Each structure stands twice: as structure tokens, then as C-alpha cells.
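So the structure is just underneath, and the comments pick up after that.
We just call them A, B, C and D in the order they show up, numbering each chain from 1.
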Amino acid sequence: MSGLVLNGVVIDDTFAEAFPMAATRLVITADSPKWARIAAATMTGFATSVIGCGVEAGIERALSGEETPDGRPGVAVLAFAMNEEGLAQQVTTRVGQCVLTSPGSACFAGIEGGRKIALGKALRFFGDGWQIAKRLDDQRFWRVPVMDGEFLCEETTGSAGGIGGGNFLILASSRPACLAAAEAAVAAVAPLAGCILPFPGGVVRSGSKVGSKYPKLFASSNHKFCPTLRAAVPDSALSADDAAVLEIVIDGLDEAAIRNATRAGILAACALGRDGGINRISAGNYGGNLGPFHFHLHEIMA
Amino acid sequence: MAEEPAAPVACPFCGLACDDFFDLGDDLDSKGCGLAAEGLAIPAEGGGPRLAGGAVALDQAVTAAAKLLRGSAAPLIAGLGSDVDGLRAALALAERVGATVDHLASDGLFRNLSVLRRKGMIALTLGELRSRCDLLVVIGADPRPGFPRFYQRWFNASLPAPIGGGTRRVLFLGAEPLPETRADLGEIPIAVVPGEISRLAELALGLRSLVAGDYFSAGSIAGVSRNVLTDVAQRLGAARFGAAAWAAEAFTFPHGDIAVSALLDLIRALNRTTRFGAVPLTGRDNGMGAVQVATWQTGYPLRLAFEAGTLRHDPTHLSWRYRLAQADLLVWLSSFRREPPPPFDGPVIALTAPGTAFAAPPAVCIPVGVPGLDHAGDVFRSDGVVALRLARRRPSTLPRAAEVLQAMNEALAC
Amino acid sequence: MLTRFTDAKVFDPLHGEVGQRRDLWVADGRIVAPPPGAAAAETIDLGGAVVMAGAIDLHSHIAGGKVNLARLLFAEDHEHHPSCEPHGFRCGGGLVTPSTFTTGYRYAEMGYTVVVEPAMLASNARHAHLEMADIPNIDTAAYVVLGNDDFLLQLIADGAPQGQINDAIAWLVGASQAIGVKVVNPGGINAFKFNQRRLDLDEAGPYYGATPRRVLSALAQAVFELGIPHPLHVHGCNLGVPGSVDTSLATIAGAEGRPIHLTHLQFHAYGTEGDRKFSSGAARLAEAVNANPNISVDVGQIIFGQTITASGDTMSQYRHSGHAKPGKWILMDIECDAGCGVVPFRYRDKSFVNALQWAIGLELLLLIEDPWRVFLTTDHPNGGPFTCYPRVIRLLMDKDFRDEQFADLHPAARRASILPSIRREYSLAEIAVLTRAAPARILGLRDRGHLGPGAAADLVVYRDQSDREAMFQHPTAVYKDGRLIARDGRVVARVEGSTHVVRPAYDRGIEARLARHFADRIGLRAESFRIAEGELRGGRGAVIHACRTSGDSP
Amino acid sequence: MTGWRLVLKQPTGPRIDMAPVLPQRLSALAAAEIRALPLTCGNRLRPLGALFDEEPGDQSGDGPTLAIGAATARLDNLGRDMAGGTLAVEGDTGAFLGRRMAGGTITVTGSCGAHAAAGMTGGTLRVAGSAGDFLGAPAVGEVTGMAGGLVVIGGDAGDRVGERLRRGSILIGGGAGAYCGVAMIAGTIAVAGICGDGPGFAMRRGSIILGTVPKRLPVGFADSGRYSLPFLPLLRRHLARHAAWLAGSGGADRWLGDLTAGGRGEILCLDRD
């Protein structure tokens, strides 16, 4: 094994294995950054994994008034699903339930091209005939009367191919150290464009493997990285010093976005160093047979 | 020429084309109609053709006219008061010389036509009004002065009951009926809803929403309170077979066609649940005939121009009033009345009823016979459906306008 | 003057000629027998070209109130299709609502020399005749529309004897200068004036209580007893309604052997099968037509593209007004007589319903076996403009072309049609029957539609081409009453046509009751209403055709 | 690309139908061919060369260009059916400027007559002066008015601006006449100055933006209060790219109507900044 060590932390010579997904971006604005974020956070809630949520979504970044169509503060949201149909269904439902309902909100397309995903096109009917369409050049907007004024919503947003399942694992000698490293990684990834970390606070502790002893389950606990099972299973990936593992899962619009995020996250985690209790950085894969995108840690960190 | 019907004949002066002025073998009885009395009294004599005031023979006048026509770059054939044959000849001449063609009374015609051509129309004929209508709504100024026997002949208490029963009622919307109208109507119950007629469009559209059950908040429209409007809407909806009559020539407030459009919207809304139709009163001096002939021959209803082998239609820029300023020659045709041509800067060829008084002698003046007096012919009634045959009523040496126009056409062909 | 046309390949089905090559002789606008020993003043060598009599269209809306309203309404048609003719021929325009001159020229250029306006309202007859006088190069005639007028309905409601009904109809046919009688949605137009929106064949109408079946049978009987050559021309109930095939079958059965002509049958041939509750009833109808020799039909083939529908059937036109494209339409109640509705429409091959309508029309034309009893029409302009006839002829004569066109239809319509399984291709002889001999016979025009001695010299010369559309679109020469009027598909002369009428006899006893009706209801004198002989065609009068007298077979 | 400049010889005389004179068409012709082009002038056909002097025009553009010099109201149908290129008119034009225009740009330094932009579906039409009646309104028989594109008028416009407007924007720097936006179906009309009677009458949808409080609105308009919602800045930002007077961040008074026509359109009366 060729060695790559950052700040005393060993970087495994392995790769994260990722899958193609369908992706879209929305721009959600409101009267204040606070309410734009609330609408976006609600819309991207319960959207950690396509397996149970149908979509993986998160806030990409905050937007200033200069960057939004209506001149108000906003946030960009990315959403990923296994296919376009699923994406369209989830996005329409979530905008309807979480953005339309949120005070002062408006919702715009954040991406052009690809298959159109209905926003106002579907949600206008809430207006019960009072909705108004407006075409400005090639864009079409809907204005749906609501109790605090109007819900302004673009007719559709575009979609594109995205990548889901970029990841890395932080192995640490204690749970607090592991979490501190994970938080540092999340903070480092946050400002980057084109990617999101869909899990709670950007971190997932329940790294999973494919399949289960129970026939109905698609995924189950990744026993190789569970410290409590370290001595009980023959194929544990942990050493005696590894007391906790956390995973950062990254969905991105393209390979570069995932690579950038992976590199920024690992650098931030490693900044705590071996002395800070961080032992190793690894990544999750399925042997390379399932996903076409392989993010080799050594290559990324080189 | 095969035989002409001896009698009866119709009266051509307004769009009603009454055929009951004459009894077989009897003299004229104009039955109180001033327009008919005046028109039918036009004397057969009033001098022959003149060139710049000087008497000439007809063929000399025709030759002179042909010369003017040949030299014109922008001739206008207007007035256009003539029977179907005269209109045919006018259009043929217009095509030969590259003229613009329009009728004296086309402003009123086009207020209706512009709506008919943009949105359509739901209309009914005078016979249906007479025999089926249980509610007549008269819109705007009482049309009686222009159509003196409208109520006498088509809607009054002495007519047989409407087919299918029911009671005739009349509602005047926008203006009071004339006293003569009240007399014509007899026992028919009259309701009057006065209002600001220049805001008729708003009034009609407001009624439309009340009929259709659409909400609006205004408390009154055009001086009519919402309560009254609601009552009117209720009456309209309760009619079994309603008719809305108006004379668009009187809609002289700006953009009268918008009022007609709103009236059509109201009528359409009424037809969702009952039957209702428009009775647009137009067509004096066979204006409706002019629309019909022009449309069947060219596809366009007047306000058309033949230019350099093309046919063009433009209701805005080819109206005779607009075109006067651009024309270099005016052919003025008025065979139903002694209507002099309007002031015009260029030469005028006037084909008018005998005895017409001119402000200045036209370059060419040819008195022509009055259709229905001096010669036979066909005219269309206001509803555009019924055409009536006019008969010759007296011996006359006056040429038919059709003959004169055709002679000019032939003179140009040489 | 005697003209000899040499080496013509003659298709004259009335005389059993199917492509025989011979000479034709014409004198004074008539075909004459070869005069022994006479020398022709002019000899025209046709070099074996196909010759047929002038074609006859027995159902095309070309003149009168609703046609002119259609022109008015559809200003776009005239702006987009200007038509400027050689100098002196008069310009005009319009494709689906052509002006009068344009109508005459376009028909003549396709070799049509007689066209019947099928829906002249009696109250609008003077207008229709004034317009027809301005249609050059073709002869015209019109059916007067009856059976929704309050006069006849009252007679029927009063239980008047058939003889009185006959007298009234004979008077109306004469007064309006018609060649036949048409009924449109029997009683339905009248019912619509009482705000009734639908009327089935055996449903009593409002006020008069007459069922459409009763109105139909009274009219059909009258036309038959009066000896009017053309059987009652029937535009049935429920036009365009899914399920109308059953009404049409019931109408055929209800004729009880009396001759009737069912017009634009395609629009009355819809079933209610399938997921979309719209299916072809053509096979059932064709079977019924084949089995009932008293029935003749024209098809009303639709043509994809923009057109305008103009009909007296206000009830159905109002029902369809929501489909108007462009979105404007006219509806009119007329003179205690009938009505009219004008609704622009665009037929699309990608629409299931339109595609199936197209197929149904062709199914009818191909499944009805006797070409003497089925006629090619588009119900111009309702199904499409008459200028598309050559295309329809090719569809009938050319199975491959038909299959090609069929392949472009809406897929569900293709699955719903049996058209591809019909192998029949019309022969030239059958086309000559369909477009000349048969319509002349069913209209009673004894001197038209054939090339025997005494016939009018309406001759059409075609170059025999495998592309039948091109062949019938541009005949090499068209003669009207012996005069060359079109060459290679372009008009070369403007001639006056004639108007054809019949004058059935009647008992003048009916005139008192008619006069009362006119005085009370119409507000005009019956004499104002009646069109004098001298009014027709600028005073030239009409060509009067004989009615059968008793003993003649229909 | 080639470009031509045609200079009208006589300011007055019979009207000239300029429909055949399009930038794309002329750019493919030689000078002699252009001079021979028949134009309808009054009731006669005349060769273009008898009515205009031609000279090479702007050669710098990347599309076909055509300039008309000394233009007057004699010239009807300029830019009719124009699909691309640039037509620059120095002076005034007659009726039906940009009839059925589908693309390209027309600029007029003077004023235009009635029925400009009738049937227009795309492209840009800029008139520095004023416009006559029926700007963007339906031509005869047509069911809708202008169906796309952008019209910018520097001065006033006549009656019935944007009648039955189907799509696109009409921006007027001055005032407008009566019945502005009558029976509008969709689209946007903006008028900086005062507009005459009946703005928005019978309108179904669309927006009329007024820079000046109108004298009276039709009764079918319901006051729906102050409007400062996000749509307004979005719209203003969009329109201000073409007409600077629309820039600004202020709110508006908004009326909804025409309710008597079952309409859901709006009239927005902007605050004066």
C-alpha cells in the first residue's frame, strides 16, 4: 500500500463509488434570508437518501439579492433522484407543500435545459382560476394568490444529469473527535457550488452496505465500520484505535463538483490531525461493479 | 328581358324595404313614413347630363367621365347608393380603373361588421322578430327616425301572437322612446332604463356578467344602478326568444364598435340558457346590398381598392371619408336620394338622383333614375337575408346608374 | 358552326362507352350525331386524350346568405388567397370561401360545368340567385331548404292532407326557383328556436309536435308525388354526433322505399364503440345503402386543413361553436324559415376524431358498390374546399396512395378503420359515373353528364396520367356549351352559365293560405317573396327541367 | 453583409406599398434589379427606381440591412412579413408598419401611422416619434392582436393600443389614446404618460402598466390595493432593459379586471419615483 498521510492522518488508497442521478436546482427567495432558508430547509427536509425519501436534496448555497430574479435574498437548492420522473414528482410535491406555504416565498428555475420539471405549471391550480401567467421573453411565471399576497413561481425548472453517492469516511479514536472532524469537513464544503451534503447536518453515521440478512431490506448496517462489532466480525475494517466512524456523503452536478467537495472536506477533517484523534480517511464502495463514477482518494488528494 | 312583376314592389330608402306602400293599381300611400314620402316624391325630371354645368348628351358626358377616369391615379367611387345592378357596374368600373369603393353609410355598417368579422354574431331576421320575439330590447337612441316603420311592421300589439305563445314586451335601454314609438307599440308593456349611452359598452358588459353569474363590485354602470341592472338581466334571461335591436349608425360616440362587441358578448351569454339574437338596423340606400355584392364578388365588404391588378381591403384607410383626402377623382353615386357629393379638391363625376343641388357644378353630372321609381332593381333589407325586387313605377327617360357606369367601363375599354 | 373533335377516348357511361376512341361533333353548343358528308368548320385533334362530359357537383355551398357570411367572417381566407385573373375576368379570392368569379373559374379549371347550391333558404333565394348570376363559366341550380319553416310545420301539425303539403312545396319550389328540395335536420332548426338543443328522429318537436320522421316522410312523399326528378335531399338529424349512424339507418328504413338522397353521409356515420366512444359506422351504412336501391348518398369527404363550416343546421352549429378555429362564429335565425350557422374549423390528421372522419368518408365511397348512387363531395366548404376533389379521386383510384396517406393518421384512428383492408380502386369509367353520369341522372339534367347527341357540349379533355390527382386537377381543355373556357388548368374565357330549375305543378288553392302566412308571419307579401322568371341570370331566365308525370318511373 | 439605402424622391403623392422592400430580399439583389422592382403606387405599378434613389447602405452589420431615407407617411406596409435583418427608417412611415413581422429589427426616427405591429409575432419595432391608432391591434377579421415581439414607442400612441393583444410587450414613452389594451388576452402594455378613456376595457388577462394615474377606469376593475410584491421588480427589471422609464423599485396601485368580462388582468399604476 503506497502511503499518503496528511497531518498524520492516513488516507486509504481506495475510492468512493458513485451513481448517475437526475438533478435539478431551484432558487427560492423570500423577504429575508431567514425565511428563504426556512422555506428551503423545509423543502429539503427528509431528503437524505433516495432509498427512503425518494430524493436527496439540500441547500447548495445562499444567494444575495443581486443573484436572484426578483432581487430578494434567496437560496439555491439542489435535488437528486434516481430518474427524471421521480425527481419531477418529488420536486413538485415538495415545492407545493413547503415553498408555496412558506411566508413571502417565490420559486424560480435554477438550471436550464434538460427535461422540464413542473413548478408553477402544476402548482398554479392552487389559484382556483385566479392564477395569472406572465411570459417574459422565454420565461413564464405564475402568480398564485395566497393570503400574504402572491406566490410567484416560474413555470418549470430544468434538469441535468447529476452524481450521487460521493463520500468519504472519517475514522477517529473518539466520538467527539470524529464529530469535530466531520463538522469541519461540512463547513469546508458548504460554500462550494454544484454539490450538497444531503444527510443531517451533512453527516451520516449509519454508513450502509448493500443487502441484508433480511430479504426485504436493500441496505443494512455497514458492519465493517461499526466499532462495536470490531472484534465480532472477521472482515472489520477498523483497528483497535478506531472508536468512531462518520461518513460525509456528497451529491454533485458533475464529477468536478464532487471531487472539489471531497478534497475540501478531507483537508478540513485532516486539519485536526492525528493528534486531534483523527486516524484515517477512507471511502465507501461496492467493489467498483455498481457505479460508473470512482473517486480515488489518492488521486483527489494528490 | 322577361316579364317584371306588375306589383307589389318594395321601398328602397331605409333598410326595412317595406313592400306595403302600394296596393295593386292604386297610388302611393306612404303610410306615414316620411322617408318614403320624400324619396318617392323625387321628380323624374331635373335636367340632363352636364359638363361643368353645361348641358351635354349622355354619351358626351360618358366620354368625358372616361377621360377623367383614365387619367386618375387614385380614383374614389363613393356614395354607392344603388341597386344590385348598379353596384355590380360600380365594382366592375372600379376594377378597371383601379378605384377605391365605399358606401355613404358605411360607418354604421362597419361598426357591426368589424365585430362580426372578429368574433361573429348571433342575429335574427325581421320576420323572426315579428313572429317569435317576446322581448325586444332597443339599445341606445330610438331607431325610429332612420327606420320609421320599424315598430309598425315588426313589433307591435296588433300583430298575431308570437309563435308558441307569450306576451310581447319591450325594453328601451339607454334612452327614452319617441312619443311616436309609444303610439306604434300600442298596448305593449314598455320598460325604459335610461343611461349614459356613450358608456354603452360598459353597460352591456356589466349586464353580461349579471346574466352569466360573474361577480363585479360596481354599484352602478353608466348611470344605471346595480339593482336596476340586476332586474334588466333577469328580464333578459327570462325571455323565451329575445331580440336586441340597435342602429349602429347612431353609435357616434368614440369606438362604437366596442359597444357592439359588448352587446354580442351579452347575447352569447344569454344563449347559454335561452335564445336571443341581434337585430342590427342598417342599410339605408341599399348599404346592405353594397356589402353583399362587394362580398360575393371580391370577398371583401366595401372599403376595398383595386390597385395595379390587386385587390386590397382596409376598413380604416379605405373608408371614403379617409380616402377623400388622398383621391384625385371622385365618382359620387347616389341614385336613391338627392345627396350632393362632399367637398372635394379634385374633379367629381356625379351620378345622382334628378334634381340634386350641388355646391359647385361637378366636372361631370349625370342624373340617374331612382331604383323603384324609374326602373326595376334589387335591394337588400337591413338583416342582409331578404332581398326585394323594386319595380318601375313611372315612365322615365332617366338612365339607370348601372347603364351609365357600364358605358363608362366600355368607353375605357376602347 | 360545326366542330369536329377527332380521336377522343370517350368515357360516357350513360351510353356504355368506356374508353372507345371516336370523333365527337359539336354544333351550336350541342353534341350532334356525325353529320353525313358535312365538313367541320374547325377540327381539333385530341390525339387519343380522355374525354368526359363536364363534371357535375350536386352538393357544394357556393352562393347565398350563409356563403356570403362565411366570406365576411373569414376575411383571412381572402387576404391569404388573392386571385387575380387575366384582365377583364374580374379578380376575387378565397380558397375555402371563394368569391363568385373565383368559384366559377376554379370549378371550370377542374372540368366542372354544373354545380348545385344545396341549401338555398326560400327567404334568401333572391340573394342566392343574384349571386349565382355572378358565377361565371358554370351552370348552377339550388335546392330549396324546407321542413323547418313554420308554414309547413303548421300544415303537418294541422294534419293537412298530403296533397296540400305537395301544393305548398310546389309553390315554394317555383317561387324560389329551385331544382329540388332539401331538408336540414328535419324540425331541428325550428326546435332550436324554441330553445331545444337536440331532436331525435322519433322525438316530437316543440309546439308543432311533429317528429323529424314525420317531417321527412311528408317531404319525401311530396317530392316523389310532385315528380321532382331529384329525390328529397336529406341532411339528417344529429349531424356530427357519435351514434348518428343509428339515426341514419333508421332514416333509411323510414324512407320505406321512397327515394331519398342522404347528403354528406360521412357526418352522419358515427358509432359509439371503442375507448373514445367514437367509431366508424361506414360498413353498416354502406350495407344498408347497397340493400336499398331507393337510397342515394353523397359523402362529404373531409380534407385536412383549414376550412369553414356553413350550414342551415343551427342546432348542430351552435353545439360545435366551441370548436371554432379561429374562434369566431355566426348563428342566425331566419324568417320563420330556417337558420344558418357559420363556424370555421381546422381538420387535423393528428386528431383522432378528424382522422377517423377522413377514413369514414373513404370507407363509404369504397364500400357502397353502385357508383350511380354515391357521389363525391366534400360538402364544400364544410369538409374542405372543392378544389381538393382531384385528390379525393386519386384516393379512390390509387390504393397505394391511399395507404400512404392513411399511414400518417392518428394511430388510434388507424386501428379503428378498416380502410386498408379495402382493395377496391375506382376505374376511370366509374369516376365518369360518379362525377358526371350519375349526378346528371339524379338531378334530372337530361342534357348534361353524357356525350350523346343533344347533350350540351360541356367537354373535358384529360391527359391520361398515372397521377390521377394531376390528371383531374388540370384538364388539358374544358369546353362549356362548345366554348373553350379553360386550358391546362387555367381559365381562358369568361362565359355566362345558366340556372336550372323545375316547376312542379300545384293547385292554386294553396295560395290563399300562403298569402295569409306571409301577411301574418313574414310581414311581406307572398308576391314580394316569389322570384319572377325575368329576375334570373340578369333577365335571361332559367333552364326549366321537366317533372315526371304520373306513370313515369323515378 | 450587404445593405442598401433607398431615398424617397417625393415626400407626397399616391401611397406606396412597401411590402416587397425587405432587407433580406434586397440584400440579394443588384442595384439594377432593385431599381426595376415593381411597387404599387396609387393604382399603378411603378419601378422602385422611379420612386427612390438607391445607394449602398450600412455594410457593417452582421445581418442584412436596409435604410429608407427621407421617408414619409406615403410609405405603407414597411417591414411587412419581415423575418430578419435590420430596417432603419429615417423619417415617418404610413400604415401597417411591421405587419406580421416575425423577426429582425425595425427602427423609425419619426412617427408611424395606424395599425403598426398588426399581426406581429416576433422581433423588435422601435419608433422614436409617435404611433397612430390600433398599434398592435388585430387587422381586419383577425381574432387576436400582436402575438409576440417587442414594440417601443418614444412618443404618444393613438387609440386602441394593444387591442386583443395576445403576447409580447408594447412600451410607450408618452401617452396613449382611448381604449388602451381593450379586450387584451395576455401580454404587457406600459404607458408612461396619460392614457385616454377605457384602459383595459374587457381585458381577459395581461398587464397594463401606467406611469400616470388615469382619469377613470372601466367599472369592471376592482381596486386590489397597494402592490409591492416580488413580481413587480421582476417585471420592471425585465422591461427597463427596453424603456428606461420603467426602471425603479417602487410599488404600484393595482386594479384587477375587467371583471365584467370575466377577466383576470391587471392595471398597475406605478408610484412616481
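We adopt the following convention: contacts are C-beta pairs under 8 Å (C-beta built on N, C-alpha and C of every residue); 3 or more make two chains touch, one makes a residue touch a chain.
Nothing here was measured: the structure is a model prediction, and the numbers come from that model.
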(request) Could you name all chains that are in contact with subunit A and with subunit D at the same time? (result) none
(message) What's the distance between the Cα centroids of subunit A and subunit C, rounded to whole Å?
(response) 71
(request) Find the geometric centre of each of subunit B and subunit C from their Cα atoms only, then give the gap between the two centres in Å, rounded to an integer. (result) 33
(request) Express in whole angstrom the distance between the two chain centres, defined as the mean CA positions of subunit B and subunit D. (result) 35
(message) For subunit C versus subunit D, what separation do you get between their C-alpha means, in angstrom?
(response) 47
(message) At least two partner chains per residue is the criterion; list those residues in subunit B.
(response) 117-119, 306, 309-310, 313
(message) By the touch rule stated above, which residues of subunit D touch at least two different other chains?
(response) 140-143
(request) Pull out every residue in subunit C that's touching 2 or more other chains. (result) 73, 75, 79, 328
(request) With chains as vertices and touches as edges, which is it: line, ring, star, complete or other? (result) other
(request) Over in the complex, which subunit B residues touch subunit D? Could you list them? (result) 72-75, 97-99, 114, 117-119, 201-202, 205-206, 208-209, 212, 214-218, 220-221, 254-255, 258, 261-262, 265, 305-310, 313-317, 326
(message) Considering only the defined contacts, which subunit D positions touch subunit B in the complex?
(response) 14-15, 17, 40-45, 76, 95, 114-115, 133-134, 138, 140-143, 159-160, 164, 178-179, 182-183, 197-198, 201-202, 218-220, 222, 258-262
(message) Can you tell me which positions in subunit D touch subunit A when the two form their complex?
(response) 167, 186, 188, 205, 207, 229-231, 233-235, 237-238, 249, 264, 266
(request) Would you mind writing out the residues of subunit D in touch with subunit C in their complex? (result) 139-143
(request) Enumerate the contact residues on subunit A facing subunit D in the complex. (result) 29, 69-72, 106, 129-130, 132-137, 141, 143, 149-150, 152
